[in-house]
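Order of writing sets the labels: A, B and C. Residues in every chain begin at 1.
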Amino acid sequence: MNDTQSQIESILFAASRPVKLGELVKTLGLGKTELLELLEKIKNEYSARGINLIEKDERYQLVTNPANGPAVGNFNSAELREKLTDASLETLAIILYKQPVSRAEIEAIRGVNSQYILRQLLIRGMVEKSTSSEDSRRYVYKTTLEFMTHLGITDMKNLPDFEMLTRAVSLPEEPPLPGKKSNDEELEKNENAPASQDEESGIKN
Amino acid sequence: MNDTQSQIESILFAASRPVKLGELVKTLGLGKTELLELLEKIKNEYSARGINLIEKDERYQLVTNPANGPAVGNFNSAELREKLTDASLETLAIILYKQPVSRAEIEAIRGVNSQYILRQLLIRGMVEKSTSSEDSRRYVYKTTLEFMTHLGITDMKNLPDFEMLTRAVSLPEEPPLPGKKSNDEELEKNENAPASQDEESGIKN
Amino acid sequence: MPYQVRIEKFQGPLEVLLQLIEEQKLPISEISLAEVTQQFLEHIKSLQDINPELLADFLTVASKLLVIKSKTLLPSLVEELEEEEEFSDLAYQLTQFKKFKLVAKYLESLETKKHYSFAREGWEEDFVSFYPDPTASIGVLYKAMQSLAHSLEEITRLPKQMVKEVISISQKIKDLQNLLGQKIEIKLSEALQKKSRTEIIVTFLALLELIKQRILTVDQEMLFSEIKIRKFNQPVI
């Protein structure tokens, strides 16, 4: 198959939104006519498959074949009904106590990638994502009002051991630095250590 | 095309996350054998297209064809991938060819405490930690689908055989063989190794 | 430089050892390991006040090197130590390490191509429906937080304990010098008495360091007899 056709498929797939013909022109450096031909070809080749290409006002999008609506619906509702794993509950607990909290913070606390767990909690309406008030490029997670009502919580501070647990569950201290003594005092200091101290470390660069 | 195959494609597409074989069994009410056959068929049919089906440990995910990495990267220009460090690559190399592998085994080969690097790889989603099937008190590490997408591996079976890849390293007590080809050349060749060699691969599934 | 960058650029003991051997274009063998032992010890010396966890990793390798090197010099001692198999497999370990470095290089070559695959970014917003898990009660979430707090505490406590267990080389050198100052001559068995494995390694290492610096000298009157340590330039009693 044609390389450009393959590239168009990849772009449409990764985009997960309607893509304007103009965007494809810009990214691929090809003319409209040529692209339209290839898009038509893709549309035909996929028409009988589980993934379809649809077009509206020169915007293109890959979607599921409508004939498979019931199967996809079953899959989604099974996902909704699934019992939360310990990993999911842990993530939810962090969001509940530490909100608003970023994905990076959650992952640093848990020590494991949490992308798909967050997605699951979002889909089930227990948490929501919004842009941080401090940094608009950063997303933060919060529990939804519905979930708080469901839990019967009106004020986060009423959560059991709120003060103690929000303090204890925070980013782990950095492990002791090479070239530094790692007694308690040093660990405290390291967090705010000026960059200039780094040169003294025993590490070769 | 078979209706079930179309349904699988739709589900994998809509899910936008790794889907377990067990989930498909539940949703579609079909046996594992039948599903595995269809999944294999999908994988083959898509292999030359812009969308690929990848698999690891009975988890399936649709992703873009790695050959189109630069084009897709251009399109969603925001996405910058951080390069793996030497220590991370070294640890991944061990996990890749020894999986499932315990932290103790990894450290025995690297000769250094690897807790920190493993944590970084877990947070990045390149590896996952699970309990050993032989001993539930023991943790073992495996590579993930995310590892495959980062390195553009579409099928674990296509990875070069460990012996072939490390032939250049002679056994202890033996002087290095003269007139060896450079590693780079060897590596290039391995990538295009014929499928028949796959059976000999050192990868455990 | 942030901690992460430093730790990931840090060269572990096998890395250092491999470099020493390759710089001299030697094959990996016990003979070449013995040859670079001195340089390896010097490298450790340059790692003053290194964090104890990493020091322990270096000392383990150093102890293996020292055993290999002293095989001809101190056969009786080596026999004792060699009961632990692992002392003799350094060449094999290094070969394995080198192999995986080659695999790492291959992985790097894949990464350099930037042949990334991308998953679908989005998911349909209309999938979202409020469907909480009934088991996710305040009690359960509270417990999850408690166990998180507990395991995070463990993570930070662990390295602190290591400090107490490992003695620094420089301290050990001082101890040995003090011991000799009082006694003029001590027996190796005394120096190693009632010591933990780590301490034996450190003592042994310190001993070699002192010999190299011509502060100490060792004597063995005959094969398998007691090894005596005394100050350099001091007459044998």
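Worth a mention:
Convention: a contact is a pair of C-beta atoms (placed from the backbone, for glycine too) under 8 Å apart; a residue touches a chain by one contact, two chains touch by 3 or more.
This structure is a prediction, so every number in the text was calculated from the model and none was measured.
A simple rule picks the central chain: find each chain's mean C-alpha point, then take the one closest to the mean of all protein C-alpha atoms, which gives B. At the far end from chain A, in terms of centres built from Cα atoms, lies C. Between chain A and chain B, the centres computed from C-alpha atoms are 21 Å apart. The distance from the centre of chain A to the centre of chain C, each centre being the mean of the chain's C-alpha atoms, comes to 38 Å. If you average the Cα atoms of chain B and of chain C, the two centres end up 31 Å apart.
The set of chain A residues touching two or more other chains comprises 10, 13-16, 76, 119, 175. Among the residues of chain C, those touching two or more other chains are numbered 7, 9-10, 53-54, 118-123.
Put simply, chain B touches chain A in their complex at residues 1, 5-18, 23, 26-28, 48-51, 62, 64-65, 67-68, 71-72, 74-76, 115-116, 119, 122-125, 128-129, 146. For chain B in complex with chain C, the touching residues are 13-14, 16-17, 52, 54, 61-67, 69-70, 72-73, 76, 79, 81, 83-90, 92-94, 96-97, 108-113, 116-117, 120, 148-154, 160, 162, 165-166, 168-176, 183-184, 187, 190.
Of all residues in chain A, only 10, 13-17, 76, 80-84, 86, 88-90, 92-94, 96-97, 109-110, 119, 122-126, 144, 146-147, 150-153, 159-161, 164-165, 168-170, 172-184, 187, 190, 195, 198, 201-205 touch chain C in the complex they form.
Against chain A, the residues of chain C that register as touching in their complex are 1, 3, 6-7, 9-11, 46-54, 118-123, 127-133, 135-138, 140-142, 144-149, 152-153, 155-156, 159-160, 162-163.
Residues 4-5, 7-10, 12-14, 27-30, 53-54, 57, 60-61, 91-111, 113-124 of chain C touch chain B in their complex.
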